[in-house]
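Each structure below appears as structure tokens.
The following pair of complexes shares a single chain, subunit A, combined with subunit B in the former and subunit C in the latter.
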Partner chain A sequence: MTELPPPSAKKLGLVIDLDTCVGCQACATNCKEWNAGGHAAPLPDFQPYSAGAEGVWFNRVHSYEAGEGEAGRTVHFPRSCLHCETPDCVTVCPTGASYKRAEDGIVLVNAEACIGCGLCAWACAYGARELDEDAGVMKKCTLCVDRITNETIPAPQRQPACVIACPVSARHFGDLGDPESDVSKLVAARGGYDLMPEMGYRPVNKYLPPRERPAPNPNPPAEAQPSAAEIRNPLLRWLDRALSR
Partner chain B sequence: MPDTHLPPRMTGQGDRVETQQPIGDAVKTTTCYMCACRCGIKVHLKDGRVRYIEGNPDHPVNRGVICGKGSAGIMTQYSPARLQAPLKRVGPRGAGEYAEISWDEAMEMATGWLREVRATDPRRLAFFTGRDQSQSLTGFWAAQFGTPNFAAHGGFCSVNMAAGGLYTIGGSFWEFGEVDWDHAKYLVMFGVAEDHDSNPIKIGLGKMKGRGAKFVSVNPIRTGYSAIADEWIGIRPGTDGLLVMALMHELLRTDRVDLDFLVRYTNAAWLVVRNPGGADDGLFVRDAEGKPLSWDRVAQAPADAATPDMQPAIVGDFTLPDGRRAVPVFQLMAERYLGAEYAPAAVAERCGVPAERIIRLAAEIADVAFNQTITLNQPWTDALGRRHETMVGRPVAFHAMRGISAHSNGFHTCRALHLLQMLLGAIDTPGSWRYKSPFPRPIPPGPGPAGKTSAPNTPIAGNLLAFPHGPDDLLVDEAGNPLRIDKAFSWEAPLGLHGMMHTVIHNAGAEDPYPIDTLFMFMANMAWNSAMNPLETIRILTEQKADGSYRIPHVIYADAFFSETVPYADLILPDTTYLERWDCISILDRPIGSSHGPGDAIRQPVVKPDRDVRPFQDVLIELGARLGLPAFVKEDGSPRWKDYPDYITNHQRTPGVGPLAGWRGADGTKKGVGEPNPDQLQRYIENGCFWQHKLPPEQGYFKQANRAYLDDARAMGMMGQSNQIVLQIWSEPLQKFRLAAEGHGAKQPPDRLRGRIRTFFDPLPIWYAPLDQQAQDAAAYPLSAVTQRPMAMYHSWGSMNAWLRQIHGANRLYMSRATAERQGIAQDDWVWVESRVGRVKGQVALMEGVNPDTVWTWNAIGKRAGAWQLSPDSPEAERGFLLNHVITEWLPAQEGFRSANADPVTGQAAWYDLRVAVTKCTPGEAAQTAPHPTTLKAPPNMPAVPGILRRPGR
Partner chain C sequence: MNPAPSIVFFTTASGAGYGLLFWLGLLRPLRMAPHAPEFGLLALAVALVLIVAGLASSLLHLGRPERAWRALSQWRSSWLSREGVAAIATFVPAGLFGLGLLTGWDGLAVPAGLLAALGAAATVWCTGMIYASLKPIRQWHHPLVAPGYMVFAGFSGAALLAALGALAGRATVPALLAIGLGLAALVLKRRYWAAIDAKPPRGTPTIESATGLGRIGRTRPLDPPHTEQNWLLREMGFRIARKHRDRLRGLALGGFGGAALLALLALPLGGPLAALLLAAGALLALGGLLVERWLMFAEATHTVTLFYTGEA
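On to the complex of A and B.
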């Protein structure tokens, strides 16, 4: 019901490194704080000091285990809007509130046109939509659209809040439509992948898989071969060692 | 997918996106206090309210990043749990009946109690300050008051780590040292879930992983950092020391040790007297001037161990000119750790780590240390004046924290880890662990603790928390009984460097060693998650004597929030938040130095308090003046300082040395030492609220023996001397305690403690089963139980935070799936966790990444109903639980005496020695945690709790 613009050359998005994410929630709370006063404000919290506390968050970090026992892994998985190239969350919108920007591909919601019907949330396979039940408006990650070109902010900080917060540098922001961008190169080098590609939404955001674990050192240094006497008394090896203070 | 029935909508029609809005109308820098890590932050303000907090990109600690807690600081700032005004108790203790009073009345009340205590027996004040970052003030205040009974929370946090390091390498992990993140090729981390230096560790791990370096995590639990480790070793809790000693065994067995490093930088070649039973047994052989001696292989005679280029023997049994026998330290060390009991096969079962894996780890570590060295083309000059053209590094680094220190064998485990670093030559070299300035310090640093005497209206000279060199420095009376209420620096905890806050209330309740009058606490939740056995703690706080008076007559508590401890105080002094006050991350306490150089920091107020509250440090300074403490009043008796910033700027501990090291001198040009500068705080603010001195490259490594570094450190007042700091494999101070236990010397332990001192003051690291575990039936309590702080709440004062509690609202008991299945326990089951002293109820979550013999939970999530302005039905109170309820404060009594559940060397609280059995609840028992004490009543006039938060702080 809402049309997508022609594909843009610029495809702004995030690259998230699952190899280094420690699940610290830095991205989640910095996102919450920025956006609670930003373009999509407010991000209300319901029953904040009692049972059932629940609020609107654009970025949530989940932890999973894969595999059994010591051979398994614990994976921390940050989840937010992937700013898909062909997002059903936009096309299902009956009012045109949900849209994809023609110039850079950011998926946004026009709060004034949103009727809070929730169709987009049904359409999004990634669970990235967050309904503000207080205002009756659907909200979502804006890729910090009010930061990334904001000239009142120093240039190095003109990045999404989740990216500048991340202590392990597991989050990267850039133009994934430009094969020469740092993020595109990172995706190429590390085998970055689409989340649930079978859905056909063609997410712009990419995830970098955990690296293969290094094999045990194949060439451990040779052990010294002690003499029979040294085996009886290992201290003999060091008896005549010439050492200089 | 165009819909034929409706006209297609124009995409984004009419949406207005304001992309050039300034963040706020003002921005101020300060230092975060959402945990202990002291990151620099920029606080954006709008209409005088906090709008947004971000990391300060220029700050040396966090370099622009911010953690999950830091951003949530805005919700702590506007928490409805903030205390509103001074309070006076008007009902029974614990009933929560309070009346608001004026600050003047509050100060009068406190002064009245304290004046009487000071005029009679100042020791009857116990002043303990919890998560205090102003210890250079609070400790000084206590000494001026004249009580030895002062400490912060270090005794129940990580004193084992501090003591183990400071008595061995003159530094440690956390604030004392860090990994060389730019060069390390192999990192082994022990027992770290989340801990001090949280952002620097994360920044560093990101760098290391990016470079393809290997990261090994030794931890019973695979969360957080362990989750991204290249290798996770799910060790059994409390056995890390054995694993480290097995690695040492392997390195020695295969002769992969850095002998050059050992003879140049450690006491490996120092001679130790062998005279079993004699008063000098185990002490170093020294010359007439007291200098330690080595055996010169060329001269075949003892010689000053510091003689340049001398060729010392590292093994051999030598007869000294005076006829005594002596052996080098290296030999004693090698003999011990080559022993069969430390062979990988001998420790494998106990550690839960296969022998082949230990052997492989040792080989990998040795390969990196010795075959993958790093050479920096950086000339430097050593302490003996010899120039070296390069800096050669062994790029194997280690880091460890509470997981190994919070055991009763933690001191020796920490020392063992430092011995391992020394064997590898991997201390302050490129790619290894490095000192953070002002460390290294002399071993041990400075003189022993003050407090041997106390007298009415008389200050105690010296530092209350300092470094015993031997039994003569203990704080004990003629009979060997403790002089401090917490028994730190007594024979029960001779190296109790950080005090023993966890014992104070229990000892005061037992009037052992003596009764106290006033318990004065700051920011320490001793009636809940900071106490071992909190219900017993509460019983003592409310205990009345036969005459109806309280066992502890007066309790004063300063805190910014309605914590579980508030209802047990007679007088509440409400503090400001960290964004409302001045503070000082002092060079005299725990500064923000790094391996790149010394540094310190301040907090400045960025918002005005909207309540009748005062910064605790201002209150303390005023109390000092009201009491007439000499350093807090002028000659005419008027207050010496008007507030904390005045003190920070103008106080001089020794001539030219004050709380801050930067911009000293009248014109602000001096570093470290210089007269007070009236503009000092302004200069800090202009620089982002921190000061850092960057070391020149020739001072970057080998600081323990780097001539230029040592000279500059002395000139800047960081050390009283500039001699080489020789790393101590064999610890003579420990041996002095052991000799006392054997009957030598004037200061003698009570007979009941002789065996304990003799055993645990081994001058070389030892391993023993955690003490509480030795004392009980292992079959009855088959599982270890430990806690971790989640990254989003680590060391956080106020986990009632509206955002953070959505992330962690109720903790579970995490259990190995295989272990649980054997017991018929399933996901979400309610279980009893039972130890030898009690039981607590919680809900199970199963996981794979946990040692099968270990259960664990997130710490300090569980809250008492009613506290922190959370509704009583909150998950924190209904389902959250504390393992504290089943952790004993005492080891089982022996011969009528009971010792604290603590490390016998340092008094470190042994939280992680806990053993439990887990059993399924009956269906009727499910759904609510137990114990579940009565709901606390909020103080008067606390703010209303909103049902919905739209804008933070509105």
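On to the complex of A and C.
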């Protein structure tokens, strides 16, 4: 059904730390790897070995420059579905293929029912949906629904592929509807925020801003100089004395 | 937004078809269009051909056309679904209208024609709302978009009915409607263009709000996430050069104004000359609308391009 379900207590989503993200593309790559065989498989690639290669990815890592001069920062910025609470990508769907799970808020596409009209991708403000032009149906981030509840893989592995791939732990997965969860506490502590809040889609995923740079020390320590007695080599000790005269 | 030919053609053709159906169903009982059943059947056939051609072309746009029937299920939330339901529902009174005309029984033709007119108006309104309801595309999420679809459908439908009516020697009321609606289309489109050209209001998304990096300062893209194209950029990153835009806008307005002018010239005339002028006017109206519709896509920008280029 493409009417939105009543808000669920459980709101599964990601928290992405823009302070630590190094833009290595590991999350994007592992997302592609897992999902090419997972719930939304296959993920097509066209002309993969020649110029003009393109394909469907659920996660795209941009890099931005923000601010000017000394205050300027380079920020790496992964972009995937935010599993919004009130997204139009669900309500515009004419077939019921695009839906939000009532139990945990994950936004999914039923590839069996999708007609590939593309309207949901027009309605997503964040560019999180890409049409699979091979199968003629819409594809998007599944929040790795086939990992996080998967009893056949070891418990520590029941995390989204992008989260476990991140070498600097810039991605966190959890229940953002529970104020006591680790992710909710992280968001509270670091001032996590919504992307494009003016759109009114109420994203579940949160982004943690780059940390403030520490203010420069007004009394920088004087440069430590080796004393002459510390120089072991006799020749250099003599040179030091000669030059210091 | 990518001006896919199938959608540009669909919305223009089906709009004109529904406009023609609307005016035929409404004006015939009022005796403001030729009353002969043969004429009614001819006009109805033209309307249905345009509608069906448009719908078929929109099916071509789907990734999985064979599943199109599924689109009828979500009318409670989706304007696209409502459009599908309204379009199919309109075929019922339109068919009965044809039956009434065929049998010469006005007791059927009149109410069925009026119902078909209602269905036509509802369908076009749904088409307009599909676009007008999309928040990420500010040029579409505008109060003039859905009324525009109604005016353009009414205009092209009236121009077609005038051209057909002239063959039967009665075109005055449709020609007057075509003049009035042509001018309305002109004014509406000029106001719309002025509105979307103006500086976007405060609260319009920017790269700073899209990334949240505005807290640090002015934000600009440094490295793209991919060096080749993707579907998103092909579908939503379409840009049109300003010089082409201005020329095409002129062409569209010229089509509207030209159609109105030809209808005005045809009014005092009659006979074959009027029919010729009105036929040319209908073609101008449709040509202008094709250009208008192409522009409506080409000029629209999507918030996803904020992430890629910093602009939308």
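The rule is short, and it goes like this: the second predicted complex is superposed on the first by the 212 of 245 C-alpha atoms of A that agree within 3 Å, B and C clash if a C-alpha of one lies under 4 Å from a C-alpha of the other, contacts with A are read in each partner's own complex, and residues count from 1 in each chain.
Keep this in mind: a contact is a pair of C-beta atoms (placed from the backbone, for glycine too) under 8 Å apart; a residue touches a chain by one contact, two chains touch by 3 or more.
Because the structure is a prediction, the values reported are computed rather than measured.
> Return first, second, both or neither, reflecting whether A:V168 touches subunit B, subunit C, both chains, or no partner chain.
In the superposed model, A:V168 contacts subunit B only, not subunit C.
> Per the contact definition in the header, classify A:L186: touching subunit B only (first), subunit C only (second), both, or neither.
A:L186 sits against neither subunit B nor subunit C.
> After superposition on the shared chain, which partner residues are touched by A:Y207: those of subunit B (first), subunit C (second), both, or neither?
It touches subunit C, and subunit B stays clear.
> In the superposed arrangement, does A:A53 touch subunit B (first), subunit C (second), both or neither?
both
> Let me test your reading of the model: by the given contact rule, A:T2 touches which partner, first (subunit B), second (subunit C), both or neither?
After superposing on A, A:T2 lies in contact with both subunit B and subunit C.
> After the superposition on A, what does A:T95 contact: first (subunit B), second (subunit C), both or neither?
So A:T95 meets both subunit B and subunit C here.
> Now for A:T29: first (subunit B), second (subunit C), both, or neither, which partner does it touch?
first
> In the overlay, work out which of subunit B or subunit C sits against more residues of subunit A.
The larger set of subunit A residues in touch belongs to B.
> Can you list the residues of subunit A that touch subunit B in one structure and subunit C in the other?
Shared contact residues on subunit A (touching subunit B in one complex, subunit C in the other): 1-4, 23, 28, 51, 53-55, 57, 63, 65, 67-68, 72-75, 88, 90-91, 93-96, 113, 210.
> Could you pull out which subunit A residues touch subunit C in their complex?
Within the complex, subunit A contacts subunit C at residues 1-4, 18, 23, 28, 51-57, 60-68, 71-75, 77, 79, 88, 90-97, 113-119, 121-127, 130-133, 135-138, 193-200, 207, 209-210.
> Can you list the subunit C residues touching subunit A in their complex?
For this pair, the touching residues of subunit C are 1, 61-65, 67-68, 70-74, 76-81, 84, 130, 133-137, 203-205, 207, 209-226, 228-232, 235-236, 302-304, 307-308.
> Could you please specify the touching residues of subunit B with respect to subunit A in the complex?
That would be residues 1-3, 6, 8-15, 17-23, 46, 51-55, 57, 62, 64-72, 74, 80, 194, 198-199, 202-203, 205-207, 209-210, 212, 214, 222-228, 230-232, 234, 252-256, 259-260, 263-264, 269, 294, 297, 305-316, 330-331, 334-335, 338, 360, 363-364, 366-367, 370-371, 791-792, 800, 802-807, 809, 818, 847-849, 869-871, 873-875, 878, 945-952 of subunit B.
> Report the residues of subunit A in contact with subunit B in the complex, numbered from low to high.
So the residues of subunit A touching subunit B come out as 1-5, 19-26, 28-30, 32-34, 36-37, 39, 41-42, 44-51, 53-55, 57, 63, 65, 67-70, 72-76, 88, 90-91, 93-96, 99-102, 108, 110, 112-113, 134, 145-146, 149-154, 156-157, 161, 164-170, 210-211, 213-214, 216-217, 219-221, 223-224, 226, 234-239, 241-245.
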